[in-house]
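These are the structures, in C-alpha cells.
Next, two complexes with chain A in common: one pairs it with chain B, the other with chain C.
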Partner chain A sequence: MSYLADVVTLTRKDLLLELRARDTLPAMLLFVVSTLVVFRFALPEGADELAAQGLLWVALVFTALLGLARAWAPERESGALEGLVLAPTDRSAIWLGKSAAVFVFLAAVELVALPAFAAFFAPVDLSTVAGVLLANIGICAIGTLLAAMAAASRTRELILPLLFLPLAIPLVVGGVGASVSEEPERFLAFLGLYDAVFAILCWASFEYVVSE
Partner chain B sequence: MPLPSVISLQAVEKRYGRKRALLPVDLELSHRSFLVVTGANGSGKTTLLRLLVGLAAPTRGELQVSVERGRLGYLGHEALVYRDLTALENLDLYGRLYRVPERRERIGMLLERFGLWESRRERAGSFSRGMLQRLALCRTFLHGPELLVLDEPFTALDAEGAALLDRQLAELREACTIVLSTHEPKRVEHLCSDRLALT
Partner chain C sequence: MLAALAAMLVGSSLVLVFFVAPEDADQGLSQKIFYFHVPIALTAYACFGWGAHKALLLLWRKDERYDLESFVAIHQGTIFGALTLATGSIWAKASWGHWWLWSENQLVLFLVLFLFYSAYFMLRFSLEEGPRRANISAVYALFGIVLVPVSFLAIRLAENVIHPTVFTREGPQMSGTMFFTFCVAWIAITSLAYTLYRLELLGKRLDSNLRELREALSS
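Coming up: the complex of A and B.
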C-alpha cells in the first residue's frame, strides 16, 4: 500500500507541476493538431484511408516524443531527482509515478487528436481507440525509462529519439494493425504482451538508471 | 566499550575516467560523532559526501554506512527541491515520501524556525539563493535523520541564517551523527569530534 501511496504522491506532483508551468501539454496539443493539419494537406486527394491511419500513428509517436523529452525537465533543473533517489521509497515508484503522469498527458492529447483525425480523415473505431490506449502504456513505460537515461546526457535531445524510435516500431505496427486489420484482436493482444514485457523490464531496471 | 561504527571507509577512492576525484581515504566514525571535512576546491569533499549517502559508488576500496536510506539527511550544492512548487508543497512531498509522522506540524515548525513561514506559499523558483538554502535545510532536517551529511551548509546564508544553523547543529549534536564539509572549520570547532583534511 505504501508503494502505491508513493506512486500517487509522485504522479500528483508531476500533474501539479504541469498545471503550474504549462510547458508540456500545450506544446503537445499544438504539435499534434498542427501535424494532422499538415498531413491533411500533404495527403493527395483520394488517397487511401489506410495511409491516413499510418499518419495518425506517426503524429502520435512524435507527439509522445515531445512530451518525453520534457518528462524529467523539472528534476534536471533543480537536481530534485537526487532528492527522490535518497528518499526511502522503492526507486521503481519514481519511474511508475512519472510514467503515470506521462500517460495522463498523452491521453489528454489523444482526446483532442482522435476527434481531429476523425474530422480531417476518417472515423475512428473502437479498435483504434483500444490500440491507442494500449500503445500509450508501452510508450510511457519505455519512453520514461529512456528519457531518464537520456536526461543525464548533454546530448539528451539527440539520444532520446535514437533510443526510443526503434523500440516504438512494434507499438506502431501493433497500433496500425489494430486500426486497419480485419482481426484487430490479434494486434491488440500483441500490444498487450509487448506492454507487459517492457513494463516489467523497465520497472526492474529503473533502479540501475538512477544509481551509479 | 567502543561505540559501533556508523561509517567505515577503507582505502575508498573515486575516479571519473582517468580523473581522480578523491584520493584513498580511511575513516571510522562512531555514533554521535561530528566530523568536519576540510580541503581546497577540488580536493574531493563533495565526492566523499556523495559516496557516503550513496549518490556515487567508490571506484576502489570498501565503504560501509550502517544507516538506512530513510534515516539519512543530505544537503548538497543544489537544494533538491522543485522550483515550480511552493516551499510548503516541496516539504509536503518529501514528508509524504519519508512518511514523517505529524507531517504538517513538523513542516510548520521547520518553516517557522528557518524564517520561511511567511513565504511558504511562494514558489521555490522565486526564492533568493539564501532562502533556497534555508528551504534545503528544512528538507534535510524534516524526517529527523540519524546521519546528517551537509556539504558546505553555511553557503549563501546570511548572518541570521548561519546563526539559526549553528543552533540547529548544536541541538542535533547529541542526537545524531554529523558529517559536514566547510571552508570555515572554526565556525563548528566547538562541536566537532573528528576532523578530516582532504588534499
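Coming up: the complex of A and C.
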C-alpha cells in the first residue's frame, strides 16, 4: 500500500509543480495546435481524410516528445533525482509516478487536440479515442524511461527523439490502424499488448537507469 | 585459427554458391545473393540476441566484463544489419526493379532495428564511462530484443492496412544442392561474425588495458 502512496505523492508533486510554474503544458498545447495548422498547409488540396488521420498521430507523437524532453528537468536542475533514488522507496515508484504525471499532461493536451483535429480535418471516432488512450500508456511508459536515460547523457534533449522514435513506430502503426482500419479491435489489442510488454520491462529496468 | 576457419568456410561457400549450386530457373544469377542475404540477416539477429543476453548478465551479475561483450556483439549486429539492408536492396533492384519495397517485411524490420541500434551508439557515446553507462546501455539493449517481435507484428499489421491483399507464402522450395549451399553459407557467415566479434573484443580489451597502464604510469 505504501508503494501506491509513494507513487501518488510523486505524481502529485509533478502536477503541483506544473500548476505553479506552468512550463510544459502550455507549450505542448500551443505546439500541437500549431502543428495541426501546419498540416493543413502540408496536405495538398483534395488530400483524403486518411492522410490527415495519419498526420494526427505524427502530431501526437511529436507533442509527447516535447513534453518528455522536459519530464526530468525539475529533478535535474535541482539535483533532486539523487535524493529520490536514496529515498527509502522502491525505485520503480519514481518511474511510475513520473509516467502518471506525463500521462495526465498528454491527456490534457489531447483534450484540446482531438476536438481541434475534428474541427480542422475529419471527425474523430470512438476507436481513435481508444487508440489514443492506449498509445498514451505506451508513450508514457517508454518515454519516461528513455527521458531518464537521455537526462543522464551529455546530449540530453538532442538524443531523446533518436531513442524514442524507433520504439514509437509500433505505437504509430497501432494507432493509425485503430483510426483507419475496418476492424480496429486487432490494432487496439496490439496496442494493449505493446503497453503490457513495455510497461513491465520499464518497471523492472528503471532501477538500473537511475542507480549505479 | 578461428580466422583461418572462417576464411576457409567463406571461401568454400563462395565456390559452392557460384560453381556448384544450380542457377535459379526463375531469377537466374541474381538469386545467388540469397545465399548471403539470408545468412547475414540471421547472423545479425543472433548478434542482437547475444548482445541482449550479455546485457542481462551484466544487470544480473554486475560484472563489467559483460558490458564490453554486449557492446561488441551489438556493434557486429549493426554492421551485419547494414549489410542485410544493402544486400536486400540490391536483390530487390535485381528482382523487382526497385531499390526499396515497403512490402518486404523483413527489410522494413531491419530498417527499424538499424535506426534503433544506431541510437544505441549515440546514447552510449554521450554517457560518461562507468557503471551507469553500462547499466543504461544494457537496459537499452534489452529493449532492442523485445522490439524485434513487437515490430515484426506491427509491420505485419501495417501491411494489412496498406495492402489488403494477402500474399501467399511459398515454403522454402530448394533443391538439395541449393539447401546444402545455403547451410554452408550460413555457417560461414556465422563463423565470420564470431571471428570479428572475438577480434574486436580483443582489440577493445587491449585498448582499455593500455589506458589503465598509461594512467598508472602518469599518476
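In this section, the second predicted complex is superposed on the first by the 212 of 212 C-alpha atoms of A that agree within 3 Å, B and C clash if a C-alpha of one lies under 4 Å from a C-alpha of the other, contacts with A are read in each partner's own complex, and residues count from 1 in each chain.
Please note the rule applied: contacts are C-beta pairs under 8 Å (C-beta built on N, C-alpha and C of every residue); 3 or more make two chains touch, one makes a residue touch a chain.
Owing to the predicted nature of the structure, the values given are computational and were not obtained by experimental measurement.
By the touch criterion stated above, A:79 is placed in contact with chain B alone, chain C being left untouched.
Note on chain A: of its two partners chain C and chain B, the one contacting more of its residues is C. In the superposition on chain A, A:186 makes contact with chain C only, not with chain B. In the superposition on chain A, A:5 makes contact with chain B only, while chain C stays out of contact range. In the superposition on chain A, A:197 contacts chain C only, with no contact to chain B.
In the superposition on chain A, A:159 makes contact with chain C only, while chain B stays out of contact range. Overlaid on A, the two complexes show chain B and chain C touching the same residues of chain A, namely 211-212.
For chain A in complex with chain B, the residues that touch the partner chain are 2, 5-6, 9-10, 13, 16-17, 20-21, 74, 77-80, 82-89, 211-212. Against chain A, the residues of chain C that register as touching in their complex are 59, 112-113, 115-116, 118-119, 122-123, 126-128, 130-132, 135-136, 138-140, 142-143, 146-147, 150-151, 153-155, 157-158, 160-161.
By the touch criterion given at the top, residues 53-57, 68-70, 72, 74, 76, 78-85, 89, 93-94, 96-99, 123-124, 139 of chain B touch chain A in their complex.
Contact residues of chain A toward chain C in the complex are 145, 149-150, 152-155, 159, 162-163, 165-167, 169-170, 173-174, 176-177, 180-181, 186-187, 190, 193-194, 197-198, 201, 205, 208-209, 211-212.
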